[in-house]
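One chain, chain A, appears in both complexes that follow, with chain B as partner in the first and chain C in the second.
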Partner chain A sequence: MKKQAWYRGLAIFSAALTLIFVFVMSQREVKAAPASGAGITGTIKLEGTAPHQRPIDMSKEPACAAVHKANPVTTENVVAGSGGGLKNVVVYISEGLSGSAENEVASSKPIWDQKGCQYIPHVMGLNPNQHFEVTNSDPTSHNIHPMPKPGGPNHEWNKSQPSGAPPIDNTWQAPEVAIHVKCNIHPWMSGYMVVVKGPYGVSDDSGSFKIENVPPGSYTLTAWQETLGTQTQKITVAAGKPATADFTFKAK
Partner chain B sequence: MGKLLAVTLVVIAIASAVPIVAHIWVPPADISTHGYQIDEQLSDTMVEAGICFLAAQIVLGVFIWMFSGRKPGARVRTFPGGAKGLVGAAFVLVGLEVLILGAFGKKAWATIYFTPPAADALPVQVQAGQFAFYFRYPGPDGKFGPLHPDKINEANQNIFGLDVDADKDSKDDIVTAEMGVPINKEIHLLMHAKDVGHSFYVRELRIQQDFVPGLDLSLHFTATNVGRYEIVCTQLCGLGHYNMKAYLNVMSQPDYDAWIKQQATMQ
Partner chain C sequence: MRTQHLNFIACAVAVLAVCSLSSAQVTKYQEDENLGMEAHVGKLTGHAKDAATNYRRYCAGCHGDLGDGEGENAVWLDPKPRNFTLATFKCRSTPSGSLPTDEDLYNTVGRGLESSNMPSWNPLSDQARADLVAYVKHFSDRWKTEKSGAVIEIPPEPAVNAERIKAGQALFQKLECWKCHGVEGRANGPSADTLTDDQNRPIKPFNFHDQTKFKCGAEDRDLYRIFMTGLDGTPMPSFSDNVKPDEAWDLVFYLRTLQPMHTQEKEIAKQLGLKPINPNAPAPAAAPAAPNAAPTTQPQSNENKPQ
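After this line comes the complex of A and B, so read on.
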């Protein structure tokens, strides 16, 4: 009798444990791992000839003028790369992202460098609340002045960064396409921070871009260029299959 | 104690006059046709003010020496007629001095500001803005196109706000970051500020003129020495004021012609 009761107790205990385990597991939220390789790639082309980019005379800042003595720099409003590619275009998913994918913040911390009295990169993509660092690689002071739309959720700021000063770490609260950045000391310095939700890509010299970790689904892609405006197209991404999207901007 | 103060005063006064009399700190050589007048005026002022300064310090020292260590109860002698006459005489003296300086200085000032530039003077426009100077040359047509402040776009290097497509006078305008001028040629400088008050100062040219927002000011000068000189802003204009400068490049006529041609290709 006594032995039987002991077995029964064990059986009931095990059954209860199993039930609890099943219940706990069923309550746990499982995050779908991004399908590997489901990226969007493509090329941005420029149709027609790029508008004339004026050379920049930096003689006011001799240290920077010396850097560019052999290769004078020009404005970077439209940078046509090799093979008709268009550089510095930000491509992002403007519609169709699920809530969790939309709110994911990239963990990387991009660097916005001031080098040779230019912004490197000229255009930078960011997620809201993604940290970025502003560095100064020049022997001269800079004054970084990003100018989000007045009255919006992002606030304008204006900080001096002497040579050798520690990096400035900052974030943008809300999406904004795009935030113009200028230097108050060197009027020719100009760049853009593009704050978008979800994964994004920025086109390189050859005009190609890559957006990684896109969950399967149907989306609207938007490509933004600082002077040529925006373009959109629909795209469907299947699980594990890379998708492609090309854009062509017309030179004004 | 009083005698020590008297001696210290006189020693400091004489010591501070030594570097000036000995010409230890001389201004950079003048490179303009009008600059000698400014230099003359400055040295006249320095001599006059220096003599007054030394005389005043020495007289003060002498009085301190004479009246230090008086015995208690010693009678104080007063100036006959009280201090009124003395103060009145001092007012007249100082007023005369300022008037005389002004009368002599007027000539230098008038030759720079009250004479029109020669008809063949080369017009150069300078725009001061936080925190850089930019220059505009009228190009072959000799005419400046109109300015459209709403079109100013520094990212595009449209510093002056020109509308090259609509204004035919603007088409050949040449905008530069450095001021190139030919030697021995009169320059008619047309000045305007984009934002706040600034100043155009070239030590070697003996020119210092403020920019006043909303006012078009002009002056003229002739540079007589080839070289590269600094143009600095001498009116506190904001955070980047310390870094607000440009260069004045005085060149021979052929060098200038080549330079302006090269600048024209960069527009």
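After this line comes the complex of A and C, so read on.
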């Protein structure tokens, strides 16, 4: 009998312990995801000379060739500004995000425009299940043909979008760095959709990027460039304090 | 109390043992589970496990034992055999990017694929073909987690008339089919030479002038379906977002005028004196009256080309 009472005590004690643990953990979760997330800013630099970018001959599409007559366009594999800033680099948090921050889907609906037979933007960041819109500003037909990794969680599709056609609304269901997008009618058209979990930033003409609303914590940041690959670095973000992280890619 | 304790420990050990065993058995278990794949075509139910022998005998030579399109004959073939592990299919009744229906795969197995080494497997029984469809599906997990796309319905074919053919030609212009298929459907459009498939292999657009059958069938309905759903894995996009069913039939009728065999549509086009529209002509009125003595196949001279 005595022993049974001891067992009952043990059961009650362990139940209480579990409850306390659950309570503490839930409190911790609330504390860990405050609205006042800090931002991570930084600059992406290119060391060395940017590889030669081929001029694009659009003579097969007179409407687009006319647009670029005064200002000929080139490929955009590596776009470096005058100060060595590297454009179109996606910076995202590859490790360290907790559940809620990791699974949050950005509410913005970015636009992937086809203009002058080029993709604008050339590189776009997205969260899984974040909606994006494909638009056609050209007087010509395009076929929008994203090519995720075959056999992976995202699937290739290919849709025609004639001039004046309504936008195509779509999402990607899983992270993927990166999905190449092409147009078969205009083989020079090339762009990338970079699908990552959590907040991300894309570098601008001067190479600077900003990742907003990062909860305090220690993270691994990854910077991705379409031909120069990826780079990572550790970063610690304190509550309400903007953090900085710079990356340097070496020209191949 | 002690026996209860022992019982508990025994249970825990048993659970652990089962867990570790099952993790070791995953591949075998998975394969068995995958072979439980079914295909439903009308009243037929295909079972993957019943198709193993037929697959090995008739399909593996090209599509490979693992369904990866790397069978021993594959190196000699162009176009390459389908890689079933990727679950991307050309001939579908469903939107671009979605899985085909079981019936789509069943029809492909029965019909074969024109201009490729895939023959018709109609000599096999209906049941055997349904089983093979299930076997094709068992190679990709996508079939376990995803349903087939919603079928793009094809309304009954309307009667063909001159207006519809003219409307179809206008659509051929507007949708810029000629960019790849050529102004006259001769597969010589400005983008034709640069086309590649999803494995980056060169691929040709369909030449309407020398082929009677299409990759995914020979009927008007098949033609309708091909451009509405697109051929996934190829440069041919889906047009269903921007073409209404009635317009789609107009386009079918116009495309029939480009083909080599005698068709009712061709007859009407002849009476109409329908000529290919030159998309690169600056303005229709500005074209001078045939200054070139010898017209070539260049788009610029198509207007003046004698029929």
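As a convention for this text, the second predicted complex is superposed on the first by the 214 of 252 C-alpha atoms of A that agree within 3 Å, B and C clash if a C-alpha of one lies under 4 Å from a C-alpha of the other, contacts with A are read in each partner's own complex, and residues count from 1 in each chain.
Throughout what follows, a contact is a pair of C-beta atoms (placed from the backbone, for glycine too) under 8 Å apart; a residue touches a chain by one contact, two chains touch by 3 or more.
Given the structure is predicted, the values throughout are model-derived calculations rather than measurements.
After superposition on chain A, the partners chain B and chain C are seen to clash.
By the document's definition of touching, of the two partners only chain B reaches A:D57; chain C does not. When both complexes are overlaid on chain A, the residue A:S160 reaches chain B and chain C alike.
Judged by the touch definition given at the top, the superposed model places A:Q114 against neither chain B nor chain C.
Applying the stated contact rule after C-alpha superposition, one finds that A:S141 touches each of chain B and chain C.
Contact with neither chain B nor chain C is seen for A:N127 once the two complexes are overlaid on the shared chain. After overlaying the two complexes on the shared chain, residue contacts for A:G151 are found with chain C alone; chain B is out of touch.
Within the superposed three-chain model, A:I168 lies in touch with chain C and out of touch with chain B [touch as defined at top]. In the superposition on chain A, no contact is made by A:Q225 with either chain B or chain C. When the two complexes are overlaid on their common chain A, residue A:N184 makes contact with chain B and with chain C alike. Clashing C-alpha atoms between chain C and chain B turn up only in stretch 181-189, chosen from 181-189, 217-225 or 253-261, once the structures are aligned on chain A. On chain A, the surface touched by chain B in one complex and the surface touched by chain C in the other have residues 60-61, 140-141, 143, 160, 184-187 in common.
Per the touch definition, chain C reaches chain A in the complex via residues 1, 83, 85-88, 95-98, 140, 142, 174-176, 179-180, 190-191, 194-196, 198-199, 230, 232-239, 241-242, 280.
Within the complex formed with chain B, the residues of chain A that make contact are 54-61, 75, 77, 140-141, 143, 160, 180, 182, 184-188, 190. Contact residues of chain B toward chain A in the complex are 129-133, 154-157, 159, 176-178, 238-240, 243, 245-247, 266-267. Considering their complex, residues 3, 60-62, 140-141, 143-145, 147, 150-151, 155-162, 165-166, 168, 184-187 of chain A touch chain C.
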